[in-house]
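Two complexes follow with chain A in common, the first pairing it with chain B and the second with chain C.
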Partner chain A sequence: MNPFFSARGYYKENKLNVYGMKKKIGKDPWFFITLFCSVTVVTFILFPLIEMVTQPSLQDLKDTAGDTDVLRSIWLSIYTSGLAAVISFIIGTPFAYLLARKNFFGKKVVESIIDLPIMIPHPVVGIAILGLAGKNHWLGQFMQSIGIHIMGTVTGIVTVLTFVGLPFYVNTVKTGFEAIPVRLENVSRSLGASMSGTFLRVTFPLAWRSMLVGMIMCCARAISEFGAVVIVAYHPMIAPVMIYERFTAYGLRYSQPVAVWLIFVCLALFILLRIVSPVKEKSGD
Partner chain B sequence: MIEIENLRLDFSSFCLDDICLDVKESEFFILLGPTGAGKTLILEAITGTGPVHGGTIRVGGRDITSLPPEKRGIGIVYQDYALFPHLSVMENITYGLRYHSNSSTDSRRWVEELMMKLGIRHIADRSITHLSGGEKQRIALARALSVHPSVLLLDEPLSALDPNFRAEIREVLKKLHKEMGITFLMVTHDFSEALFLGERTAILNHGKIEQMGSVKDVFSRPKTPFVAEFVGMKNVLPAVFEGTSARVGDLVFDIGNMKNEGRSFIAIRAEDILIRKERIAEGDTNVFACRIMNVADLGVLQEVSIKCGSTIFTAILSKGDLLYLDLSESRDVYMAVRNSAIHLL
Partner chain C sequence: MKRIGLLAKWIFCLSLFVVLPLSPMVAGAEPQGDVVIFHAGSLTVPFAKMEKVFEAKYPKVDILREAGGSTKMARMISELNKPADIMASADYKVIDKALIPAKAAWNIRFATNQLVLCYTDKSKFASEVNADNWYDILERKGVIWGHSDPNLDPCGYRSLMVLQLAEKHYAKAGLYDRLIANRPKKNIRPKSVELVSLLKTGNMDYAWEYLSVAVQHGLKYLLLPDEINLGNYKMDAFYKKAEVKVTGKKPGTWITRKGKSCTYGITMIKNSKNPEAAEAFLAYLLDPEGGLKVLKDMGQPPFIPCRVSSEKIKTDLPGSIKGLVEVKN
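Right, the complex of A and B next:
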C-alpha cells in the first residue's frame, strides 16, 4: 500500500461516508421542502420590516430622533413596559411557584385563566379595564376617591401593560421553577431552613435566569401593545399610539421613522433575551 | 427512636394503610421493598415533605406528625444526592449551620471532622459539577450530618452509584453508623444491602408491611411467599401438609416435626438443593429422581433448572461442581434436600 496513504483522502476521493458506504448524491425532497419553507418564513417576517427600516432617509431618522415628542413617547413605552415587568415579577413569582409546585382542584382552569389575556382581542382588554375603573363601578369610584386615576394616565397604561404581559411572565417562570428538583428544597428544609429561607437560598438562585427571561418576555409583549392602551390612555402617548397618530394625521412618511426607532428598541430587547436565556449545563454523569 | 403508628396515606392510585414501625435508638433499620411499594412515601411522611392522612409519627418520644420539616431535626440523603448546584462543596456542607445554635467554632470543627472522616477535605473548595458519584454521596452525607440530626434517613443511597463506588459508600455508611451512634433508617430494594448494613428490617409490599424483624431472622425464616422470594428463595411452592409430610404436586417431602398449622407453602433456597448422580439415602434427606432442564451461566455460579415429576426446582451450583458432576441438559440425576432446609410459609 502507498506509504502516504491517508484514510481521509481515500474516503474523500471515493465519495465514501464514515461507514465506508457510497454517499447518496441526490437529496431527499424533504430537504427542499424544509429549505423552501424556512426561506419563506424568514422573508415574510424580515421583508416588510427591512423595507420599512430602509425607506426613511437618514435625515428623517435624525430629525425624528431630535423630536422631543417622539423621544418622550419611546421613553414612556420603555418605562411603562419595564414597570409592567417589575410588577409581574413581584406578584407573578409566588403565583408561578404555586402553579409549578402544587396540584389543586381546578388547577387547569386557573392555568387557562392566566392565558386569557393572550387570547382576548386587545381593545376588549381596554374596554374591560375601563369598565372597572370608570365612574359607574364601585371599584372605579373607590380608586378615584383615593386618588388613583386610570383613564388617560401612566397608571392606566401600566395597568393595561401588566394585564397583557403577566401571562408571559407567569408561564416562563413556572417552567423555570418546574425544572428545579423539589428534592433540593426538601433537603434545605430538613437542614433547618424555613420555606422562605429555602426560596431565597435555593430556589431563587436557581430560577433567577428564568425570571429575567420572563421579565423580558413580559416587557416585549407590553411594548408592542396598542389596542388596549389606545382605549384606556390615548394620552400620554406611548410609541405605538404616536405612530398610529402620525400615520392617520400625516401619512406613511411621518409615521415610519418613529416605527424604525421602536423596532430598534424591540430588537435590542430580544437580543438581550437570547443572550440571557438559560443554557442547559452538561452534567458530569 | 422512630415510632410510626397506624400511618395512613391515601392517593387515588395507591394507598398505605395501617403502617406501624418501631425503629430503636442507634439502630440501622432497613425498609425494604420492590419499586412502587410505598417506601419513599413513608420516608417523606417522616421528613414532613409528603402528606399524612392518618396516624402518628414520633421521634425520640416527640410527636412530629404536624411539624414543618425544618423543626423535625431529621437528616435526609437522596439517591440522586440532591446537592445544591449553585454552591461549592463547602457551601453545600455548611448550608444548615446557620439554623442551629452551636457556636460557630464548634460547628466549623465538626464540619472539618466530618470532611476528614468522609475523605472529602481536599475537594472542599471545588464546584460540585464535575465530581464522581461517590464524592457527591459523601458530600450529601456530610451535609446531612453537619446539623447533628437525631435520625438520618437514606433514600436508596447506593442505587445510582457505579458498582465500585457502591461497595465504597456501603463501607462508609457502616463506619459512620458505628462511630456516630445515631439512628439510621435506610430505604432500599436490594436485600444484599440489608444483609450487609442492617440490624433490623421491615419488608413492604403494596403498601403493607409483610414482615418485620432482625435481618438475619427475615433472611432465614421468611413468613410469606413474597418475603421468601424477596430474600432470594428461588423455590416457593404451594404445598398440602399431612402430619410430618408435605405434598408438592406429586412429590412428598418429609418435614420432620415442624409445625405446619396455617401454612400453605414450602420454600427452599436454591443453594440448599444438592444435585447427585447417585441416590444417596440419609435419614433426614429427601431424595427425588429428576431431569436437568436448563443450565444458565451466571458467571461464577450456575443456575440449574431441574424437573421432578411435574414440579420445576431451581438449584445453584459452582462452575467447578457442574464440571465435576458432568451435568448438562436432559441428564437424569437426583435432587437431595435436607429437612432443615425446608421452610414452611
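Right, the complex of A and C next:
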C-alpha cells in the first residue's frame, strides 16, 4: 500500500462526496425530473396569483383599502377563522390525542368520519347546518329559545368555519402526537404523574409546535371558505363573499383589489405565525 | 389474418372519431348543440319544465340554464362578457338599460307577476296575519322577515316599492322607515328564491316573493290590493310614486328605479353561439300552447300574445317569432 495514499485525495480525484457518492450528478435524469417538476409546481401556484396581484392599478388598491365595508369584511374573515382555529384547538386536541394513542374497534371509521367535512361539497355543509338551525328542527327550536341564532350571524359563520377547519387541525395534531414516543409518557406515569399531569407537562411541551401548525392550517382553510358561509350568512359579509358579490355586481375590476388585500393580509399573518414557531431541532431518538 | 382483422377494427374506430364530429355539418337544419339561457330566479321552475319539453322535442339540443337576480345576470353579460344566447329578466327594463343596444337588439315582454307576502304555518303569528294587519306584524320585534338584494335582483327593489306604496295607500306616515328598521341586513339574500329555503327551514318568518314562486313552492301567501302589489299595469301611475336607489355600475354610484308593474322581458343576445337553436327555443317559449301555457299553469300570467313596443322591433325579429308577438305599449 502506497504510504502516501490519502483518502481525501482519492475522493477528490474520483469526484466523490464525503459519502463516497459521485458529486457530479448533472447527467442523472432524476435531477432533471426533480428540477422540472419543482419549477412547474411553483409556477402553477404563483402565476395566477402574480397575475391577479399585478392587475389592479395602485389607485384601485388605494381606494379599496379606504373602503370601510372592505376593511370590515377582511377583519371579520380574520377573526372568525381565528375563533374557529381556537375552538378546534380546544375540542380537537383531546380527540386527536385519543386517535394517536388508542386503537379501538371502528377506529378507521372514525378517522374517515373526521375526513368527511373535507370532501362534502361546501354548499351542502351550509344547507345541512341551516336545516339544523331552523325552527322546523328540534335543535333549532332549542337553540333559538336560548338565544342562539345561526342564520346571518357571526355565530353561524364560526360554526361553519369550525366544521370545515376541524379535520385539518385534528389530522395535523394527531400526526404530531404520534411522533412523540409513548415511552416518555409511560415513564411519567410510572413515576406517579396523573394522565392530566403527564399531558400538560410531558406531551404538550413536545407537541405544541404541531398544534400551532394545526391551528394555522385550520385558520387558512377557514379564511378561504365561501360556499358554506354564503348559504348560512350572506350578511355579515366575510371577505370571500364580498369578493364574489363585487364580481357579480361590478365586475373583475372592483373585486380584484379586495382579493389582493385579503391575500396580503393572510400572507402577512401566516408568515408571522411561522416566524413565531421556531424550527424544531432534530430530536435524535 | 387475425392481425389484419384487429387493424381493420382500429381503423374503423378511429375513423368514427373523425367522422362523427363532422356529422352535424351534414345533418341539416335541425336545432342542435348547447343553448345558454340566463334567467331570473323566479323563472327557474317553469323554465326547468320547458327545458325538459324542448329537449324531448329536439334531442340534439342541450339547454344550459343559469339563474340569478336579473340585474346580476344582465351585468354578467354586459360587464363580464359571459357567453349567453338568451336572457330572460324579471324586469324588462333591465334588458333595456343594461343590454340594449350593445348586447341585444330587441326586447319582448312575455309575462307578468305580482308581489305577495309568503310565510309557512310555522311562521310567527301565522294564524292571525291577513291583508289588513300584515304591516303591523312585520313591525313586531322578533319577527324575522326579509327580501332579496335590491342591487342584484328586481324582486328586491320591488319589495321595497311595495312597502313604499303601502305607506301611501294605507296613509300611514313613516311606515316604510319603521318596517326597514325591523329588517336587519342579514335578512337580505342575493336571489329571491333563496328566501324560500329559509322559510321552509324555519329560519325566516315572512318573505317577499312573486306569486308564481309562492305557488310553485307550495308556500302560504297573502294577496295584496292591486294598488300596491305591482301586478296591474293599469295602476302604473300610482306605482310610479315609489322610488328605490340601487347601486350603479361602480361602487359608490347609484341608479333610481321607479315603480312599475312587474313585466318580464326576454331577448336573444347578439353574436350568440347557437342562434338557430336559441330561436327555436324562443319560438316554443312564446307559443301560447307551448311555453306560455307552462307559465300560466304554474301561476304566472303570461301576455297572450307577447308584446313589443314598436312596429320596427317587430320587423327586426327572427322569422319564426315574428308571428307570435303584437305591437302594444
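Basically, the second predicted complex is superposed on the first by the 234 of 285 C-alpha atoms of A that agree within 3 Å, B and C clash if a C-alpha of one lies under 4 Å from a C-alpha of the other, contacts with A are read in each partner's own complex, and residues count from 1 in each chain.
In the analysis below, a contact is a pair of C-beta atoms (placed from the backbone, for glycine too) under 8 Å apart; a residue touches a chain by one contact, two chains touch by 3 or more.
These numbers were taken from a predicted model, which means no experiment stands behind them.
In this superposed model built on chain A, chain B and chain C occupy separate space and fit side by side. In the superposed model, A:Leu191 lies in contact with chain B only, and not with chain C. When the shared chain is aligned, chain C comes close enough to touch A:Gly131, but chain B does not.
In the superposed pair of complexes, A:Pro181 makes contact with chain B only, with no contact to chain C.
Using the contact criterion defined above for the overlaid structures, shared-chain residue A:Val202 touches chain B, although it does not reach chain C.
Smallest inter-chain Cα distance, chain B versus chain C, after superposition on the shared chain: 50 Å. In the superposition on chain A, the residues of chain A contacted by chain B and by chain C do not overlap at all. Chain A meets chain B in the complex at residues 181-184, 186-195, 197, 201-202, 205-206, 281, 283-285.
Residue ranges on chain A touching chain C, taken from their complex, read 67, 127, 130-131, 133-137, 140-141, 150-153, 233-236, 245-252, 254.
Residues 44, 47-49, 68-70, 72, 74-76, 78, 80, 82, 84-86, 95-96, 98-100, 129-131, 133, 143-144, 146-147, 149 of chain B are the ones touching chain A in the complex. Touching chain A in their complex are the following residues of chain C: 68, 72, 75-76, 79-80, 122, 151-152, 184-190, 197-198, 200-204, 247, 249-251.
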